[in-house]
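Here chain A shows up in two complexes: once beside chain B, once beside chain C.
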Partner chain A sequence: MRHTILAIALAVAAPFAAAQSIKIAVLGPMNFVQGENHWAGAEMARDEINKAGGISVGGKKRTIELVKADTNEIQSVPDATNAVERVITRDKVDFLIGGFRSEAVLAMQEVAMDYKKMFLGAGAADAKLGENVEKNYDRYKYWFRITPTKAPDLFRTLMAVLGDIGNQVRTSTRTDTPKVAIIAEKAAWTEAIVKGLQATLPKMKMDVVGTWQPSAVATDVTAELSAIERANADIVFTLLSGPVGISLGRQMGERNMKAVAFGINVEGQKDEFWQASAGKANYVSTLDTYAEVESTPKTIPFVQAFKKRYGKAPTYNAATYDAIMILKAAIEQTGGMDADKLVPAIEKMEHVGTAGTDTFDKRHDLVWAVGKTSGIAVQWQDGKKVPFWPPNIKGMQPYKMPAR
Partner chain B sequence: MYLLRRAWAEMRNEILVLPSRTLVLVWVVGLLLLPLAYDDAYVLRILTMTCIFAIFAASWDLLAGYTGQVNFGHALFFGAGAYGSALASLKLGVSPWLTIWLGAAVAALFGYLSGYLCLRLRGSYLSLATLAFPLIGLGLLFAFPDFSGGELGVSGLQRLIVGPTANYYLACVSMLVVVFGLWLIADSRFGIVLHAIRDDEVAARASGINTPRYKLAVFALSAAAAGFSGALLAHYLRVAGPSTLEVALSFQVVIWGIFGGVATIYGPVVAVFILYPLTEWLGSFRHFGELRLLIFAVIVLLVLLFMPRGLTPWVRDRVEAQCPRCKQRNSVWRKICRLCGAPLQAQVARAERLVGHQ
Partner chain C sequence: MLQDILVTGLVNGGVYALLAIGFSLIFGVARIVNIAHTAFYMLAAYCFYTLLTRFNVGFALAGVLSVLGVTLLSLVCYRLVIEPVREHESAVLISTIALGLIFQELMLAAYGGNFLGVPSTIEGVMRVGGVSIPYQRLLILAVAAVMLIATWFFLYRTRVGLAIRATANDLEVANLMGMNVHRMAMVTVAFSVGLAAIAGVVATPVTAVHPFMWLDPLVTMLAIVVLGGLGSLKGSIIGALIIAYVEAITVFTLPEGAHLKGAVALGIMVAVLLARPEGLFGVAFEEER
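What follows is the complex of A and B.
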């Protein structure tokens, strides 16, 4: 009898409990690593907030309910827009976070703005998303980019790290103008960066000895590396998102090359990289977002908890955690969920997140600053991914050069 | 009153007399009345997309199904229409109501050029050559990013019309007009020539048909319809990006065509109306979501296994029979032909006995 009464009470209370929750849609390509990290970061934020009783909305505590939305955006842009429409109109979510492929996020942004829904991006880097806010503020003001920094700022980070590595090479090789070989996979995203490098490196007193463009899935880069060795390059600047990053790391080690590799190597960001490259990828370095360093006081506890829960380190898409925390701070500050009041609150906010300290410019993009939103750089040293840049962050370790 | 009586008589004698035509009528009326009964924004969005892709699928069928020019790169025309309309609208400031026609014209030009380059190719060689065209198109888009927007495409496009219901009606009416137009073309003398080219091009040429001219015309016509659908999608999403030319889209249209039944026009349309909402529906289940492509593939495989000519011919053969004398179609429950009065079932039974003797 007591069980029956309890069941009836629960059944009656359930709709009210559901009505009390704040619904957040996590949008991402859920069959891919980006979507997995979107979801994992959001789960961690949800559990942490709900464990503490929820978000205080005008004095009442409301828990978070996540809605997982597979946008399938890597394969289909229309699918991505359908997912946004579905979570807004069917699931009646209050906020949207996530997104990855810029072309798809632009289309998703349109649907979200049609409904005046706050959309906190956690994956797309293209500057156009923020330009929309500047051009038509009233329509696009509900968009904020939580991660990554926009593409031009990514280039600034690359140049800042390269400048530091260049100085070490100068000391080590006793040369004033280090030689840089650019190895960029054949893909549209690398083209603008390659052009920028060719224009910028001479101004940084570095010589560009050549540009090589292997396929993103190349399993052998012997020809490219032979040419780079013949050109006496000191630095191999990488722009690689595909498995070619593994081939490059392995073969540079096998050839015992004196040049050091730095740039973007997406495979190099993964914990499995050392094993995949047969333990040969010593000294390979790449930009990254998370490591067990004090980017902020929240970084180390977050990374450790993430590794414990999911068995691997988070990627930058896991900053959906920060997106939810920003929403929480804005909701508690304004005492409500009215998007028109949350927008100015977030615009003025300085949020200490797990990946950096976030402030927003007039385009609702992150304000770029070394050590705050620039991300970090890591190097593989004897099987460990060692963070080394920005050097002023506690926990950073020295960058190593191969013996010459 | 006279007109009403005549319309009713026409409907009774021409449409209600055949199950397939009755189904089409119910479907058209259902589509047009749907928003009055159920105006859910999400459902309307899915159906808007479905209508746009239905035009695309029907355009492929005219080229591949009727003419036998099996195109593995049909997304080129879709993308050409999307980019043509998007760039004209954004860079020249022309109204999208005009640029969608311009997009169709640009696609028609691409169709004509593709057809011209492939005139001497047949079968799998033609298919492989057409597969390369959208890849070349993608290469050109990335080669001139200042003009095409590169990897990101062209965004911030004007909408043709605002609101889910209005967009739905725009896509729905466009689909009905274009598909009916393509069906009329396929059913005309022009369509018969296309059949002849597909079945035996040498014989068609020997009969005095200028086959290259017909092939170029059908390439341009099919591309124009595909381009029109691409332009509609671009202005609906407000983005025209490289995804409009992706290989996956080219194969998607082939799957729709074969699933629904080639050389029918309506077959691929039915396929899109089944498969597109189905994949979306499967995706809405949290546990099915990640398996939706697998489930989709299994359904397509099963249909092709048990209905090798596609879904619509299979269904049609079960509800309609062909008169052995005049070759007109009748509903299966009729005993005599509705036009020539020839016995239907008896004829079939006798034919079966003859087959048994052999």
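What follows is the complex of A and C.
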């Protein structure tokens, strides 16, 4: 009898207890490093906010409850949309954050907008996500991109860094026109960047010796590197998100290639890259987001706390931390959780986050600016991931060239 | 460019041949289409990685333990999954696909989707005709050659090999002659998977270990054995070299179409099959049977 009464009491009390918390779904491929970082960043934000008593909603403090949603989006887009549907209808979440693979996030965005749920992206770069907001504001206004910058802005960052590296190569090789080999996986996100590179590099006094486009799931670039070596390239410009990024770094080291690799190498952003490439990937550099540098006053404390808690540095997907902090600021400013009131609040906000200082344009994309939202560039130097760009940020170290 | 194509094609052909001969052997002898063949290759790579990096076991011991462990596992899988449905080719096909997916998901759960790497067994690079070849790739080529010779010796110079060939010729007669055909099938499975495991161990240092690493070589391997003629060992070796050279030529002559190297190789396979539906060495194989 006592158990029955207790069960009834709990059942009656449960909805009220649930009402005390703000439910946020963390969407990501949880078996992969991207999802791990989505979750870890969100955990850090949740614990920090809940420790301080929660988020003030109309004068009442409400804690955060995270719902982990494995989207399995790397393998299956339908799995991703099902996950969004599930957290909205079954778990009754208030907000959505995360996402990684552009194709999946585009589909997830549709489901979220159907339910008018705020969705703060922390992984996909495809420009179409923001274009949707501009084309059909009433439907897509609940979407904001917290990280990374959209693909065209990634290109602007790449060109800015490449300009600096190109100058060092000119000095090192005593040539006016460095030779650049482009190696870009065949994927939607690389198409515009490859075209842009082919058009822009000659204007930067760089000679494109060839463009190699292996499959996005390739694991071997032996033939490509043989051809690049034969072309005497000084710079190997990479646009790689898959395992081939590891093979490239490793094989360039094994071949003692004098060319330097720079671009986007998603595997190269991870702490595990050095081990995975068997310690051969010296001088490989890539765009990145987090390092112990003063991108903002919050960056170093966040990176240090993350490393202490999880034993490795955060990747850009950990900007789910910033996503939750932006939600917190908007909720406290508007005094409620009405999405239609939160949207204009975030549109007008300038948020100093851990990854950068965020303001949003009419597409709800980050406004690009070097040192603010452009991110950073890092280079692997003797087993350490060393940040070197933008040089004006405190904590940056010199970029190194291999001995010639 | 010619020397680049020659060297790259030969080295990659060695890796492909290692995988293809095991698959071809098990089909030729036991008529088992083992789609999980490259999943055993993936498991061997994970075993090798685990023993090397988490238990600090030496290269040789880690390699031997990985090959033995995966081979034993294949026998268990054969008894539990393949043998009960062996008479039904489509059921075998589906069962082995399921087996491969189960292994994939188990590795995903155990290790996550991260790409892992192991150090090279042999460090260093050799320059041949202006082409850099890491010693690890030469090791793969050497292991492939040794394994091919060992396979030939096993099949044509041992009593077990004779029994396997007899079983392959006519299962019922072999059975009536007192041969244990089930045991022969098991030996063939073990030998075949052993070859895949050896490929996994020697190729791991030049690739990334991850739960999906079995899918890409599976397609290439199927193309090779179909091109060479299902069940023909000679066909597998020639097919491996053809596919590897076609891929190398594609990358060197059509850089922006490097992603098409697999498609071009498959296109060549289709073209050959249109002219010779049994594959390059399929007829000789059928005559042999």
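Methods note: the second predicted complex is superposed on the first by the 369 of 404 C-alpha atoms of A that agree within 3 Å, B and C clash if a C-alpha of one lies under 4 Å from a C-alpha of the other, contacts with A are read in each partner's own complex, and residues count from 1 in each chain.
Here is the rule we go by: contacts are C-beta pairs under 8 Å (C-beta built on N, C-alpha and C of every residue); 3 or more make two chains touch, one makes a residue touch a chain.
Computed from a predicted model, the values in this text were never measured in an experiment.
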| item | value |
| --- | --- |
| First (chain B), second (chain C), both or neither touched by A:E267 | second |
| First, second, both or neither for A:T175, with chain B first and chain C second | neither |
| Partner chain in contact with A:R86 - chain B first, chain C second, else both or neither | first |
| Touched partner set for A:Q304, first chain B, second chain C, both or neither | neither |
| Which superposed partner A:R230 touches (first chain B, second chain C, both, neither) | second |
| In the superposition, chain B vs chain C on chain A residues touched | C |
| Partner chain in contact with A:N31 - chain B first, chain C second, else both or neither | both |
| Partner chain(s) touched by A:S247 [first = chain B, second = chain C, both, neither] | second |
| Contacts of A:A218 with chain B and chain C, given as first, second, both or neither | second |
| Which superposed partner A:V77 touches (first chain B, second chain C, both, neither) | first |
| Doubly contacted residues of chain A, that is, touched by chain B and again by chain C | 31 |
| Chain C - residues contacting chain A, complex | 1, 4, 7-8, 11-12, 53, 108-109, 112-120, 125, 130-132, 134, 136-137, 205-208, 210, 212-213, 215-216, 247-248, 251-252, 255-259, 261-262 |
| Chain A residues within the chain C interface of the complex | 29, 31-33, 36, 74, 185-186, 210-220, 222-224, 226-227, 229-230, 243, 246-247, 250-251, 254-256, 267, 270, 272, 275-279 |
| In the complex with chain A, residue positions of chain B that touch it | 40-42, 45-46, 49, 142, 145, 150-153, 155-156, 233, 237-239, 241-243, 248, 280, 283-284, 286, 289-290 |
| Chain A residues touching chain B - in the complex, by the definition given at the top | 30-31, 68, 70, 72, 75-79, 81-83, 85-86, 89-90, 102-104, 106-107, 110, 126, 128, 132, 188-189, 191-192 |
